[in-house]
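First chain A sits with chain B, and in the next complex the same chain sits with chain C.
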Partner chain A sequence: MTASMEVRVAGMGLFMPDFPTAADWHAQRRSAEPQLPSGSRLDRRARGRSSVLTKALAEAYFEAADAASVELGEGSAVFGSALGEVGTMLGLLNQMWRDREEPSPMAFALSVHNAASGVVSIATKNRGFTTSLGADHDTPAMALMEAIGLIAERGEPVVVVCGEEPTPTALVPDDESWELAAMAIALAPTRGDNETDCVRLRGPFKASATLVGSDLRAAVARNPQVGLLDLICAVEAGRSGTIALDRGRGGGWCMEVLCPDG
Partner chain B sequence: MTLTPEPIAITGMTLSNALGGSCNEVRNALAGRESRLRPSPIEVPFETAVGAIDSDLPSLDGQLRPWSTRLTRIAAQLVGNLDAELGALRGRWRPDRIAVILGTSTAGAETTEAAFRHFLATDRLPADYDLWRQHTYGAVLHVMRELTGARGPGWVVSTACTSSAKPLATAQRLIGAGLIDAAIVGGIDTLCAMTLCGFNALGALSSKPCRPFSRARDGISIGEGGALLLLERGGEPIAWLEAVGESSDAYHISAPHPKGLGAQLAMQRALERARCGPADVDHINAHGTGTPLNDSAEANAISELFGEEVPVVSTKGYTGHTLGAAGATEAVLASFALTDGWIPASQGAEPVDDKIAINIATERISGKFRRVLSNSFAFGGNNVSVLLRAV
Partner chain C sequence: MAEVYPSIRELIPHDGPMVLLDELVHWEPGRARCRITITPGMHFVSDGAVDTIVSLEYMGQAVAASCGYAAFRGGNDIRVGMIIGCRRMDIEVPTLRVGDQLLIEVREVRAQEEISVYECDVRRGDEPVASAQLTLYHADKPPGEGDSFP
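Let's look at the complex of A and B:
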């Protein structure tokens, strides 16, 4: 087991086509029609050019950062995705090899895994720390690990955002397909040993889960970032215990949730 | 809070690129001032020079065969180079306390591109193509874990051209926080048509070998390669990882801030974290891509912070820009100054642009180098400066 430290949950965010915010998810207030992320807080030009994934990650980021009162121009952020801008990449390959055209320069610039973190840092005029990472189904656990290292080092809040585009159908079999989802959780240093008014987390570490993941539709449950949604659900439910961050498809990383009354 | 991190011991390092498949081969090529930028072996509808790996790469056999791609074969070559050092590392630390933190910008794009072309021709993907084993970040992580025995946390940073510099900062943080004891860090990128065509579409690619900081510079040359460093809480260091500065430009997705503000901030943060000043740095391995804008912005940032004395080299005229592998590759190249007492000439820089008001080393310089800085800047306005110190 890897040593771990405690942090507190300062805010959460989410974007899914049926539940455009964490508040909607919490209230199980389903949209009448599936929504696309608007990217409303991004610059106008970036909003027009960015992928669905970038806009979904941005929506989740801003909701969590606002809930945690993170100073947008200064806060640190960790973005995670298994496949990242894979739709943009496939678009480039189509242009090059199907249409025999020169690839779009802007699409190429926005095909990088850190497109969302770059676009958000531009929108928030943040010259601080941002990163983008991936580890397949362990992405949520590893993004949390990166965030906890940052909190240990700097003693400041970090927003963790993980998301995945809808399945790239050319590359993934239908029975493995998933839907768009992006989730965010803002973490902050604990304020003392006797902190009892907020949910705290400890981990990530390898263990057996004692909490069961949420009951989700298969197309949501198959999203490689669903572990962060399970963590958010456990925090919202106010139940203490250990929650798996990979639904059994990764390395077995878990997070311990410590609720005031849980 | 720990704003001045403890220096971390670098106990092993290796690299592979157009100059060679080991530190010694690369050293010898640098000493001989041999650029290995050549016409692209990948078919593209324009002229360009690239830095391709010529050395034979090991094959992945047995249970790892389904994960075999050019990227993972470079990984296997690097791990093979560090056999003895990794053995010692495993002897000192529990496997679950050793992290693997890599960087790449391409991941398995080269393999997916080939699979996609097969799909267009036949309406089906190749029978042996598997996205999760040949394209994703988890694929190279799996191979690295199997080859090294590391069982701690593992992830791949993908922040374009800073991808493999950031793992050094992460490892220092995680070791400092007591979350791990050691880390295998670095990065790997391979050549593919999408990268070449993309940079060409941006107007950033040179048709000839790149000439960073030269008056005649007109773009980058893409390279492929990889580098690994072993970082530990203790051990016998080759050099120290003293501090890493990280920043964002918050300016433009693919163009640098014209005055290099984000770049300057990254360098400044590295110095502040190490509690040292500009005068304490004896050499800078610049990002130095060879595009007019990038080199001007970086030179401005260096000049503002360091003045005009510190010798600056771009090694991309030898290796090409290895993108996601550049940060780790150039950290290793910069460390040669600490261990060997010389820096190579900045290949292709003559005649240096009159507007570049910093000391570009146009000849090899020998001397005592105590501290060196290695810069990496990326799309998304992502900036990293790695500060290394001699033992």
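Let's look at the complex of A and C:
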């Protein structure tokens, strides 16, 4: 039922070292130097102990939520990542098994897959629904499916935010590695059957894509979350059609983009 | 003549009832096959059946046996390993029954000192039961400390 349901794009967010916001990406305004996410909207304590991934996801989340005027204390959110806080987890394992030290309870708490959703929901005093998932290269598709299900059930906006920290070198060969990136898209219920003044989405479903993903550097294109960036680029470009959410490396999930003039 | 392998308890760091495999039946560099017969009283068996998700642990122990035999041949100590990732796990049958005899085959995709990746298949006769790609973290077993964390 939810697969054919239409939702409205209410806002977008992004963090990449070269493009710290979706606005920068849209304008192709590259940073003079690669940036690390500041986590500026997190409180000082959370900012100090959060990973690069958590801060990047938070940056993308806040940009999309602000653009959509989502009430931060109440909105729903779906966080997606294939490997999640794997760097923190490997650090803990090294601490236990190589350095023979007691594991840090704080590092343990922030090594779990839902660390970012927990940090963000605490920072925003959010009492809405929040969840985290990981589905390899299908993470964007599964996060969008979860969000659209939530919109169908609750009739409220949902922020989908997916990201990946730079590949741990021990885990992925160099020719498969990727750079830090986090992307977010705020979805909301459509306002009526004839709504034509905004970009709408339908899916996810398995199909052949009619839109081609953006021309990206290999280290960005290999990121398991790149499908969400391709979707954002299609929305920004006002291109109607079907866009792949996995660049051919997942289960073949796509999203239909319906633009006012596309 | 078929190669005679050491007891599974000499090849893997697991102990007591957590040793689920019966034996290593084939080994070559980067590849191993192990056998297990599901018996009453075995860990994870309930009402004569075990959920097939447990085959993830069978796969992990088969990787341990493969690494353990490689260490045995080289005169080295066995190491501990922890499953830190599981990709593309397919479960073909929902449950396994007491009396089922399974073959677990593991094939190294890549391996470093710290991390290895294995393709794993579990079969019941000719019938596929489960498959997955596991990522494992490896470390030396603490001297005289069993399998417990420091």
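Here, the second predicted complex is superposed on the first by the 259 of 262 C-alpha atoms of A that agree within 3 Å, B and C clash if a C-alpha of one lies under 4 Å from a C-alpha of the other, contacts with A are read in each partner's own complex, and residues count from 1 in each chain.
As a working rule, contacts are C-beta pairs under 8 Å (C-beta built on N, C-alpha and C of every residue); 3 or more make two chains touch, one makes a residue touch a chain.
As the structure is a computational prediction, the values presented were derived from the model and not from experiment.
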| item | value |
| --- | --- |
| Fit or clash - chain C, chain B, common chain A | clash |
| Contacts of A:V212 with chain B and chain C, given as first, second, both or neither | neither |
| Which superposed partner A:A27 touches (first chain B, second chain C, both, neither) | neither |
| Touched chain A residues, chain B compared with chain C | B |
| Partner chain in contact with A:A46 - chain B first, chain C second, else both or neither | first |
| First, second, both or neither for A:W97, with chain B first and chain C second | both |
| Chain B versus chain C as contact partner of A:L36, first or second or both or neither | neither |
| Chain A residues contacted in one complex by chain B, in the other by chain C | 83, 89-90, 93, 96-98, 102-103, 136, 170-171 |
| Residue ranges of chain A in contact with chain B within the complex | 1-5, 46, 82-84, 89-90, 92-93, 96-98, 102-105, 108-115, 117-119, 121-122, 124-139, 141-143, 145-146, 148-150, 152-155, 170-172, 204, 206, 251 |
| Chain A to chain C touching residues, read off their complex | 83, 86, 89-90, 93, 96-98, 100-103, 136, 170-171, 173 |
| Touching residues on chain B, where the partner in the complex is chain A | 1-3, 5, 96-97, 105, 109, 112-113, 115-117, 119-120, 125, 131-132, 135-138, 141, 152-160, 166, 170, 173-174, 176-180, 193-194, 197-203, 246-254, 261-262, 265, 378-382 |
| In the complex, chain C residues that touch chain A | 80, 82, 84-85, 87-88, 110, 112, 114-115, 135, 137, 139-140, 142, 149-150 |
